[in-house]
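Chain IDs A, B, C and D follow the sequence of writing; residue 1 opens each chain.
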Amino acid sequence: MNVGQNKVTTLKNAIETFVTPGCHLSIGGFTINRNPMAAVYEIIRQKIKGIHLYAHSNGQGVDELIGAGAISRLEIAYGGNGKFASTCIRFRKAVEQGVIEVEDYTNYQMTLRFLAGSMGIAFLPTKSSLGTDIINKWGFSKEMRKKSSNIPDDKLIEMDNPFSNWCSTSKVVLVPAINPDVTIIHVQKADKRGNCRIEGLTFADVEQAKSAKHLIITCEHLYEKDELKSNSDQNQIPFIHVDAVVHIPHGAYPTACYNCYDYDPQQLKKYGEYAKNDDDYKKYLSKYIFGIKDHQALIDLVGLKRMEMIKADPETGYASNMDRT
Amino acid sequence: MNVGQNKVTTLKNAIETFVTPGCHLSIGGFTINRNPMAAVYEIIRQKIKGIHLYAHSNGQGVDELIGAGAISRLEIAYGGNGKFASTCIRFRKAVEQGVIEVEDYTNYQMTLRFLAGSMGIAFLPTKSSLGTDIINKWGFSKEMRKKSSNIPDDKLIEMDNPFSNWCSTSKVVLVPAINPDVTIIHVQKADKRGNCRIEGLTFADVEQAKSAKHLIITCEHLYEKDELKSNSDQNQIPFIHVDAVVHIPHGAYPTACYNCYDYDPQQLKKYGEYAKNDDDYKKYLSKYIFGIKDHQALIDLVGLKRMEMIKADPETGYASNMDRT
Amino acid sequence: MEYTLKEMMTIIAAREISNNDIVFCGTGISMLAAMAAKKINAPESVIFFETGAIDSKLEEIPLAVGDPRVMYHTSANGGLLDSFATMQNKITGDHVVGILGAAQIDRFGNLNSTVIGDYSSPKIRFSGSGGGCDVASFVPKSLIFMQHEKKKFVKKLDYLTSPGFLDGPGAREKAGLPSGGPAMVITNMGVMKFDEKTKEMYLAGYYPGITPDEILDKMEFTVDTSMAKEEIPPSAEELYLLREKCDSRRLIL
Amino acid sequence: MEYTLKEMMTIIAAREISNNDIVFCGTGISMLAAMAAKKINAPESVIFFETGAIDSKLEEIPLAVGDPRVMYHTSANGGLLDSFATMQNKITGDHVVGILGAAQIDRFGNLNSTVIGDYSSPKIRFSGSGGGCDVASFVPKSLIFMQHEKKKFVKKLDYLTSPGFLDGPGAREKAGLPSGGPAMVITNMGVMKFDEKTKEMYLAGYYPGITPDEILDKMEFTVDTSMAKEEIPPSAEELYLLREKCDSRRLIL
């Protein structure tokens, strides 16, 4: 958070400043939509390692961070990417090879954990996962938890309803709050102070943003101070929560950004191909991430024709009739 | 809730159907803003009694329901009306004369209780009110609670943080969920299926709406089925939660409705005068509620000139430079 | 008339959906089934997604629940908190039909979509719960898509991701879950349901050309087949609407 | 230069607000103090309201926190959940200054805004907490407006609505509240603060023409007056900005 008036900076600087080795990170978006991909690629480019990542279903961004070896611990609900990966390939390999420690939650639980963090409360209750291995099986041991001041001593706690049977509820599961060191989200519109306007679904971005100690915003469109203060009903994140604002057109590419561009099915498929084996994946990393200097270079590399293809139809907000086979 | 496709009805019918004697009710808005006043007056006109009312700071509507004798039990955070009543007069008289049972909470607690109800969970935690009489002093006795299946056995429950000292939290207060039999809110825009768009602050309307077993919407502007499905980012309540939609221009009068009209300072002041003693208040009731057949009759009685005075400035959303002395 | 098993499975699921049902669907065939129901037999059913979109128009089929196509022409665009609250809150949740899939299922309809092998060092890692466990925990009725294979219909799950009837009658209630649970398992060979009393899976239907014994051969545990009937294949109209109005580009089919 | 006590009180509160403070304010004089701070000494302080409005432009003075005037030209228009989370969440909450008022206050800065007499059958009923108890529970620093009267500065509150330092040093922490509490009580006669160690109220300042003894006469309990200094009256510029730029129609003043 920062109550200051101008937070515009470069992506390089924002990542250097807030994303430190071993930090606890969360990224916005959902599967193939509005992942802060430019920031993900910059984190990889800066070779920041040992990150503890919190994810619900943050699809493409999660798989690329894992693939590049940036992640050592992962708390996650869903490591898939819709039709493009029933299970994300680099995520799967990393878990099966034991190169990352992983702990499983549900999408609702992860969202409630961010909500708890954003509310400044230690936990929230739900009925989800009662009687399942989500409660019984922990990815992080009691010992490791006790040692780490920034991980709660328990994964989840089952509790009887203290209000007798109020709401015909006998038991609940308590999920512990998450307050990431830094959250990064990509939005359609932000002003220079950091007021944000997300178009289309917000997923869990608002909770992830408000629960974070530091918040980096990348945006498609950057507005002057106060320009977004008209029609502010549509702003979900007031500037006080924001530390850095970075203007990056196509900042979610190859994932979608509603009303701006669609996901790129060709790039996502190609990624899946490269991801299948380690040598090919090295080629992917050097060609699409390490081999280029910034996100604009990636957009240039992919080319104008592809950008035209994924350009959003102003009526529907996505690329109507785009070939997705 | 009702998944049906057309919910348009008359106010008379909506109130008759859903607001029954002794029911548990909540109304939307905040102090002098967006109270569902047309519905409040219709409840009074239909002489429905014994209502258990849940309120945070629902100002004008609460005081008029109490003044008319419709309320027997009240759970409330704030019985004031801003500059127009540091303490609402009829509320104060009713409590001091012991004609209503009242139990006190904070605004955040009441909002969390509606949120819990809307989430389908028995309780939510907060740090608010630890060490205060909000926790220690109950308005409803243990005995009465035990007898009533629709009131939780405990007002609030203090609990140690089960996640040790996670989030440097040692204790929390658990607030029990509220699921009113019926919630009534007034919105700027609704379609015939019940999709709702609130402009300006939402207060706790969305939580009150989604926690209710039945939901009555009164609206300034009524739209055809699906008209509000474009720009649906701005819709807060999808139609599945809604039971009845009633089209009532000036339905929040004499409270404000952002972008439509301001509160009426003259009428609110006059109300305060009438409220001071019981005989005058009887005059108020017969002149402004029982003496007229519906809300349009009230608008006609107050007159066009006043409606012009409170008409919202399209830029600011309120009546700029209106005389409020 | 020719049809694929995938089409059969989709239509059978679609037939289970009624007007005024609120249908929770995931990616792929489950989304297609929900779309087919709206076109064929339940035009007033309401589709919603865990991402927060409700009553989406779906002019094109989404390839994920995060696809921007779910955001167009909705009743509201919210977030994950909204969609899961719609299910956990029984006022609306009691009207929700969930459509799920998994890597393993047991005879009480519990699902595994997390790992094969030991959780701490798995042989195979899958995506994990996503919203699956949430839906299975909350909703009164769910439909489950499975492929009929011995390694998928198992005596004991490697990991219980999403609750069915847990270990039998009364177990959900004992665990603190709302009553409800799986209603139907739709596979590439037939349809399984769950006994009212024992909560155990039984064979309710098999597809034309497939015998109950062939189905039992594809399962690690046996189920009662005495009530099994041959399923009615998709009609020409059902197929037409599914193929032309739901997935004309064959992105899922 | 002439000024009213209300103007003095407003300016003293305004002087306590700094740039980058997030100021929670209620109706009336507290709102006026927050507006005055922005015009006079803290142009980059941020005003917000429990109703969910943050960074409102306030071209006209609102007559309630629910006044539509708080909704115009904001950084975001949310609801009650947003505003209280902004305070309970220490990341933002540690930057919040709350401005409160009450019917009774005790020597540890605890407030009563609920009843006089017995809670179950009160002699006088007031509005109740509203968001007051929430703010007093959450924020590290609050300013309290009071009228100096014996019945208002009492030995024992009839009802403890909003927590100050409860019964003294360490009591907030013991109760589970975040540390913090009241910083200053601004009355029509002077300014009280709270001792670092004992958490007890002491007289920090008195207005020109008023003596410490006159103030003690208006209190049921006595406080240390040894550190009291005469308060600096509002300057001509402060008064000009307050009168002309904040409340030119004298709706509050």
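We adopt the following convention: contacts are C-beta pairs under 8 Å (C-beta built on N, C-alpha and C of every residue); 3 or more make two chains touch, one makes a residue touch a chain.
Remember, it's a predicted structure, so these values are computed and weren't measured experimentally.
Engineer: Out of curiosity, which chains are bumping into both chain A and chain B?
Structural biologist: Chains in contact with chain A as well as chain B: C, D.
Engineer: Can you compute the centre-to-centre distance for chain B and chain D, using the mean CA position of each chain? Integer Å is fine.
Structural biologist: Chain B and chain D have C-alpha centres separated by 27 Å.
Engineer: As a quick test, compute the distance in whole Å between the mean CA positions of chain A and chain D.
Structural biologist: 40
Engineer: Could you state the distance in Å from the CA-based centre of chain C to that of chain D?
Structural biologist: 56
Engineer: Out of chain A, which residues touch more than one other chain, so two or more?
Structural biologist: Answer for chain A, listing residues that touch two or more other chains: 117, 120-121, 126-127, 169, 172, 179, 200, 233.
Engineer: Scan chain C for residues touching two or more other chains and write them down.
Structural biologist: Residues 77, 88, 90, 138 of chain C touch two or more partner chains.
Engineer: Name the shape of the chain contact graph, picking from line, ring, star, complete and other.
Structural biologist: Graph shape here is other: it fits none of the named patterns.
Engineer: If you go through all the chains, which pairs of them touch?
Structural biologist: Final set of chain pairs in contact is A-B, A-C, A-D, B-C, B-D.
Engineer: For the complex, give me every residue of chain C touching chain A.
Structural biologist: Result: residues 27-28, 50-53, 59-60, 62-72, 77-81, 84, 88, 90, 114, 119-134, 137-138, 159-163, 166, 171-173, 175-178, 249-252 of chain C touch chain A.
Engineer: If we count contacts the way the header does, which residues on chain B are in touch with chain A in the complex?
Structural biologist: Per the touch definition, chain B meets chain A at residues 117, 120-127, 152-154, 157, 159, 161-164, 166-167, 169, 172, 174, 176-177, 179, 199-200, 233-234.
Engineer: Quick one: in the complex, what on chain A touches chain C?
Structural biologist: Going through chain A, the ones touching chain C are 29-33, 56-57, 59, 76-84, 86-88, 91-92, 95-96, 98, 104-109, 111-112, 115, 126-134, 136-137, 139, 158, 168-172, 200-207, 256, 258, 262-263, 265, 312, 316-318, 320-321, 324-325.
Engineer: Along chain B, where are the residues that touch chain C in the complex?
Structural biologist: Residues in contact with chain C: 1, 3-5, 117-121, 179, 193, 195, 210-213, 226, 229-230, 232-233, 235-241.
Engineer: In their complex, what parts of chain D are in touch with chain A?
Structural biologist: 20-22, 44, 46, 54-55, 57, 73-77, 85-93, 95, 138
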